[in-house]
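Think of it as A, B, C, D and E in the order they're written, each chain with its own count starting at 1.
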Amino acid sequence: MDVNALAFYVFAAITILASLGVVGQRNPMYSVMLLITSFGALAGLYVLLDAPFTAVTQIIIYAGAIMVLFLFVVMLLNVPREEPGLPGVLGALGTRGMQIGAVLSLVLGIEIVWALSRVGLGWFGQDAAATSVSSVTLIGKSLFTRHAFAFEATSILILVAMVGAVVIARRER
Amino acid sequence: MVMLPLIPLLPFLGFVVNAFVGRRLSKALSGGIACATILASFGLSVAAVWTVVSSHQAIEQTAFHWIASGELSIPFSFRLDSLSSVMILVITGIGSLIHIYSIGYMHEEPDGEYARYFSYLNLFAAFMLVLVLGASFPVMFVGWEGVGLCSYLLIGFWFRKPAAADAGKKAFVVNRIGDFGFILGMLILFVTFGTLDIQAVAAAAASTYAAETAGIGVITAATLLLFLGATGKSAQIPLYVWLPDAMEGPTPVSALIHAATMVTAGVYMIGRCAVLFSLAPVTLAVVAAIGTATALMAGTIGLVQNDIKRVLAYSTVSQLGYMFLAMGVGAYAAGIFHLYTHAFFKALLFLGSGAVIHALAGEQDLRNMGGLKKHLPITYWTFLIGALAIAGVPLLSGFFSKDEILWRTYTAHWPTFHSLLYGIGMLTAFLTATYMFRLVFLAFHGERRGDAHHGEHHAAGAHGHGLHDAPPSMAFALIVLAIGSIFAGYIGVPHALGGSNWIETFLHPAFLAPGAPHEAAAVHGDARTELLLMGLSAGLAFAGIGTAIYFWLRNPAAADAWSRRFGVLYRVLSNKYYVDEIYDASIVQPIKIISTGGLWKGVDAGGIDGAVNGVGFGVRTASGALRRLQTGSIRTYAASLFLGAVLVLGYYLYR
Amino acid sequence: MIPLNYYLILSGILFAIGTAGIFLRRNLITMLLSVEIMLNAVNLTFVAVGRYRGTVDGQIITFFVMTVAAAEAAVGLALVISLFRHRETLSPDAFTALKW
Amino acid sequence: MMLSLIVFLPLAGALLVLLAGGRGDRVDRDPLVRNIALAFSLATFAATLWLWWRFDPASADYQFIEQYSWIPAFGIQYFIGVDGISLFLLVLTGFLTPLALLSSWEVHKSVKNFAFFVLALETAMLGVFVSIDLFLFYVFWDAMLIPMYFLIGIWGYERRVYAAVKFILYTMAGSVLMLIAIIGLAWAHAGVTGAPSFNLMELYDVGLSPRAEFWMFLAFALAFAIKVPVFPFHTWLPDAHVEAPTAGSVILAGVMLKMGTYGLLRFAFPLFPTAALYFAPWLGLLAVIGILYGALVAMVQPDLKKLVAYSSVSHLGFVVLGLAATNIQGMQGAVYQMLNHGVSTGGLFMIVGMLSDRRHTRLISEFGGLKAVMPRFVAAFLVITLASIALPLTNGFIGEFLILIGAYKWNVTLTAAAASGVILSAVYMLWMFQRVNYGPVTNDKNRALPDLTPREWAMMVPTVAMCLFMGVFPNVFLKPMEPSINKVIDRVHSREGAVVKAPPASRIPEPATREAAAHD
Amino acid sequence: MTEYAAIIPITILALSAIAAMVAEAIRRPGERMPMAGFGIIGSAGAALASIFLWDTDAQSFGVIRSDNFALFINIVLCIVGVLTMLFSHETVERDEIPAGEYYALTLFALCGMMMMAAATDLLVIFVALEILSLAVYVLTGIRRGSAASAEAGFKYFLLGAFSSAFFLYGVAFAFALSGSTRIEEISGAFSSDGSAPPTLALMAVGLLAVGFCFKISAVPFHMWTPDAYEGAPTLVTAFMSTGVKAAAFAAFARVFLSPLEPLQDQWIPLLSAIAVVTMILGTVVGVVQTNIKRMLAYSSIAHAGYLMLGIIAANSTGKAAILFYLLTYAISNLGALGIVALLGSAQQQHDELRDFAGLWKSRPALAALMTVFLLSLGGFPPMAGFIGKWYIFSAAVQEGHYWLAIIAVLTSVVSVFFYLRIVVMMYMTEGTEVVRPRLPATAVAGLALATIAVFYLGVLPTRVIDLALASISTIF
């Protein structure tokens, strides 16, 4: 059993466990932390997938920026642990919602896994064959040629997000 | 050459004038117009009939083309042959007299009503003439329904009286039942022969069909349906119920419409379709049976009625029964002959009773009359003549016609059946004499019982100062009719009495298919038997009169005694066999109940509309239920979205 | 060598976990986190496929997804804040004024 | 061009009325508005008479044809014309609208809009009768509902909203299915010729499979049956009639109901002859049930308007029976009966309107003895009543007689049953007439009722005159319509022999071929 | 230069949006500025550009294809934009909505919509989708004062994010299958020989369908719609109910009718089922609503169902019908919701059914116009809606989808019932006299335009129908 495999299993385990932690965790603070962990593990998987650059961005942007934003908000609103479901109808609804949702998620998981396993292992004919995709140059080229428009479009996206965030979160004058 | 259309048109014009400007005219003027028009039309009729008689030709004229659709083509055409000649003379002649009579009788009415009355009367005359002159079934039907309308209007003339209004409606509706048969009959004939012209139908039928001795063939069906129409119009079982009620109308109306003319339309119609009926023995048998039964039934009822007009009404029904009997045994001429004589004496009787009522300020109950002889001499004597005539006392008009019928019945084939009919006929003759003279004695003899307190508004003027006999206009009519009642019969003196029975030979061609050989109607039996039977019936007439004398003149106590002894029978008769009640309970009420409870409230509101609104309600309920899914909880929303996704994937994976 | 499917299955599982988060947590912020998990699961698919297809598109898409995730996070958190201003709570069940 | 002018003349009037009415509800403008509306409706009537005058009675074809391409991509045209069948329905519409306006002269609630809706309605109705293009027909058919909806809903009586909504939904539910059938027909045409078409002339020649005919006829028939209304689909009618203002009732009974029967005659029968012959007996049966049912229910109605409404169900049963007979007398009688019913029932509703104008009630029990109070009114009432119970020499008789003849040639049993309607009609009409007009004046409120006003004379005289004229000189009308009707009959019987089996209710056949649907 | 031709409309909108922001930035507090002007100019400019681009089939960067299909949608979107702006002027200030941001976001949203309609790359579609979604989320929650607005915004946002994750996953599977996100390259992979389609393909189809169905608010992905429509400021409701639908359907059609077209037999049953439940639920639940915005939300769900018939029919008629229907729906719905918005006031939205009682008396003209728009939505001739409905149904019938068509027409009858409820309120119910604000001139202009359009499309649709037919030739 070679290193790659071992690494894969380790990272996969971490990711899954961490994610489970995120959704199983009452305290949003911990959730965020755990999520960062799982992202770290994902970054590891990216490395295994010969995508170091992506791995780095994953760490820097995702774990570094976005998650910090979350953390910031959690702090700001300062709600240490979520309050138990309201009593009465809504509460009951909530719990039933939970059950339904959990069941559905399970079903979905099974569906996807089953479907993908149905796809078959050697489905790409040759495995691990292809040319290296780790080169940042390639990525850069492709990003600014093939995906130039999408790239430009994201600028609008971000602009919208900014304006939106401002207009919503801004206190009343 | 006279214009046939003018004959009905003139009274119609009278109607138009009186209907539109009548209320602005004086009584004299509107009454005058009415009489003038009908008299004029009488003159025309005489002229027309003269041409027919002299030329031995039927006149046929087309006013305009009425309906055309595909192969169906109905010209609005009139036909004057021997049969219709008799009819139009009766209608216009007696009609004129009754118009004149009315001038006096209706005099107390306010101007407007007076004009309205005469307009209706004219309209009736017009329609009646259309009926008898119509050359095709639809045109005849125009008159047929038209007279029905007029009778409706005239019966309900005093519309403020609910009874009158009811009677009018009843008359119309019952007639409608008959018309239903008439229409179907027409349909059958049209579909069978492709035409509705009476002559054409007759010709086609005679040429293509043999007599349907066995089973119900097309002709039989058609004639039976037509006969249903006749029973409605001519008040035969089962549709006679409207006629007695019709007495709610003014008495001259009863005389004209419900005695002399309209009610005989059924008889006329059968005569008109004689060719067809002859081809359907079954129908003829039915006609005869119904006629006889009606005659007897009405006679018995007439025996115990106390309303002077109702007695006459039932006697009319009974006499009509005679006519149908005649038709049924194929003695068309005899039937028409009786129709013609009956028109005289029955009109006379009604007008006489009218004079009585008029004098008594609207009193109609025999029990409150009596001893009027000395007060109303003219009325009394004329009335007496009428009574004698109808009773069949020899040498008066009624005698000849009635005897002709009985004789033909006796001599007709199907021995047993016809002898039965004959027997009943004789019995009825006896009854007729009895109740007529009961009427005479109760009304005119003895001394006055009770006084007219509850009077009809229209005669209020007559109240107060003592009884006065008929005013001139009325007296004139009475006298003319009395003369008619005596001599009218002499156009039909049977061979047995050395007469030529001219009417028979005159009418005969009208009952044959066009172009058929004119052989005289075969009469079985010999002159001696005929004379014998004549004597017998005459005897019966006198017997009837005798009975009447015994019970109601000599010792009235006996009458009451008998009526008490046969209490049940008496009650049944005086309640007219409860027929009205039976009809009401068995037909009218059920229909009302079913319509209200079953159809309207049940099927309509409950069933259909219930279903419709049910759909609406269902949608609303579903809506109310489904909107609850929208709990407002974001989790539910996500769940539904998620569920959708899972289902979609599942659909793809597990298919 | 790890076959592609393992990665795909892994991402599938992550995706499912993310969806579960939406329902299990009674806290708006954690719900957002769950969405992030889902997005990352998809990212993993892209990268893996790209790797096996020998194309960098997979990674590039990942970048875009990250951007989108960032934008969503910004707006989402803003909305969370304004909600919190109105109701002083983060429980999703508290916001059911609009229904039926 | 002329025909279009006639069709849209009322609409022009409607718009003008809106302008003349001014902003808001200016009561001072009401007389002006009324007169403009009346003038336009009279002009329209004159124009329809002009059509009749110029109409060539000998020809069976459409005349005054106007044909412009409208939506060429789908073979939809603005294609209108008049033939012997539609001619008199146009005249009828033109005849009744002014009377309707007169009958609601006393409306004071927003006269402007009232007149607007009536005139708009008239245009829609005229449009329905002249359309030869099915799409155009449907447009008018549906557009018609809106003004009627408002007339009932705004100017109606107590339960007007319920009645209005019921009316519009009920009618729509039927007609939308017809829309589907129309579209299917167009694509069927495309399947044959490659291009869809809504032109009636061309659609005649689409050789549909019996199954397709079966379903499409059902769709058409349902729409029309609801409009007529044929027996089980009639329950919207009493409500609509009772709640509608007089003008609404007059137009509804006078013209709108005819569209159902007109549709059967013009579209359902000739388009789907095989199915038509297959369904004719059932249609006839329903018709007869309707005749008796309507009459029986009418008999026991306490409300005058309801009574007349149910009598309409009965009368239109005759019309449908005549159509089902598909022979010349039957169909001609049917068309003639449409006209009669328009005149006489329209008249009856005007009468009821006059009564409720005076007494603000329509309960029979409220009246009685009116003959003593308002004799002229009652005289008119009488004639119209007689017309509606089909007394000879009134219009009603001609229609029913022809229908019965035609029906008898086709089916004896049904005819016999139908003929008994003759009795019932007399019963309920006369009973009503008697309770309202005869007997003593029971209700003091009735003692001082005024007789006909000049305006009401203007309504009654033409109506009564028409009742009698049509009864005495029917050929004036029968002759011009005969050729067109013969044409329809020939078409219906052209495909005799082909028998329809009821298909399994599974899926409806696909008229459109795949390549017609091929996308580029 | 031609390289950039295809994105000119998008660029114009983006620039005008930025202009609006700048203006907002430089305007002194309290100073009034005709912000709507930017929007109108921008939309008009984009429309103009689209018209110039007509028939050029310009393509940019290989991912934006301004073929006539996209351009038609562009024009619809521009109409939506112009009308929204016309109604917004003064109304926005009245409701104390931050004007600059409002216009900017609206324009950005429009920009994203056009992008989405023209994109031929799943990735770009995704980005565009996010642009317009984020903008609309924010617009929904933009009334900071109202809790309802915020709640609506968040619900819409969270579900949107959730669903876009699904969509993205679908893209991922498509990518996995073909190694690309470009439509033309994908289609090769999907149109593999007649053998059973690979599981991944099916997964992709399913997940993409989920994503689109959420955006067009088809059942069971519709749940956000009523809440979002009710909570959002009325004008935003009008905007998103029409614009988002148009864009989403454009992309929906483009994706399902070109690359996924080979899998027709796989997705037609699926979409048919969804369409049926959508039509039924939309109309049925609409019946009992008492809030007009909510009622129209359900009606828009139903209309989504009708529109899906066009995709299901999957023939040229269907494609053209979608375009035409979107146009008629946009105009009618904007008109109706526009009137609702105009009747509101700063304090009170007046969007409850009872608020319309007696409108006929107090505002006859508005009532009449409202009626026109509602009847158009209900599909009555001679309004535009009728032609739209007829068009879409005839597409379905052409393919023999009779049952779908029948369900559609029957549900449309039901829908008429609740449209008429409003009419009944306005005309047949005596109303308590609420104070009605005066109409800004721009709004009057907008209503006039909408009315004219409704009748033009209803009576003389020929031109536009031919245009629509001409626009579909290029979605391969």
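As a convention for this text, a contact is a pair of C-beta atoms (placed from the backbone, for glycine too) under 8 Å apart; a residue touches a chain by one contact, two chains touch by 3 or more.
Values in this document were obtained by computation on a predicted structure and should not be read as measured data.
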Mutual neighbours - chains that touch chain A and chain E alike: B, C
Reaching chain D from chain B through chains that touch each other, fewest steps: 1
Closest chain to global C-alpha mean, per-chain Cα centroids: D
Chain located farthest away, centre of chain B as origin (C-alpha): A
Chain pair with the most C-beta contacts: A-C
Chain A-chain B separation of Cα centroids, rounded to whole Å: 103
Computed distance of Cα centres, chain E from chain D, in Å: 41
Rounded Å distance, chain B centre to chain E centre (Cα mean): 78
Inter-centroid spacing, chain C versus chain B (mean Cα positions, whole Å): 97
Residue numbers of chain B (touch at least two other chains): 627, 630-636, 638-639, 642-643, 645, 649, 653
Sites on chain A at which at least two other chains make contact: 90, 93-94, 97-98, 100-101, 104-105, 108, 112, 115-116, 118-119, 146-147, 150, 154, 157, 160-161, 164, 166, 168
Multi-chain contact residues (two or more partners), chain D: none
Pairs of chains, among all present, that meet the touch criterion: A-B, A-C, A-E, B-C, B-D, B-E, C-E, D-E
Chain B - residues contacting chain A, complex: 631, 633, 635-636, 638-639, 642-643, 645-646, 649-650, 653
Of chain B, residues touching chain E in the complex: 619-620, 622-624, 626-627, 629-630, 632, 634, 636-638, 640-645, 648-649, 651-653
Complex interface listing, chain A residues touching chain B: 90, 93-94, 97-98, 100-101, 104-105, 107-108, 111-112, 114-115, 118
Chain E to chain D touching residues, read off their complex: 257, 313-317, 319, 364, 375, 380-382, 386, 390, 393-394, 397-400, 402-403, 405-406, 409-410, 412-413, 416-417, 420, 423-424, 427-428, 461-462, 465-466, 469, 472-473, 476
Interface residues, chain C side, partner chain B - complex: 19, 22-23, 92-93, 95-100
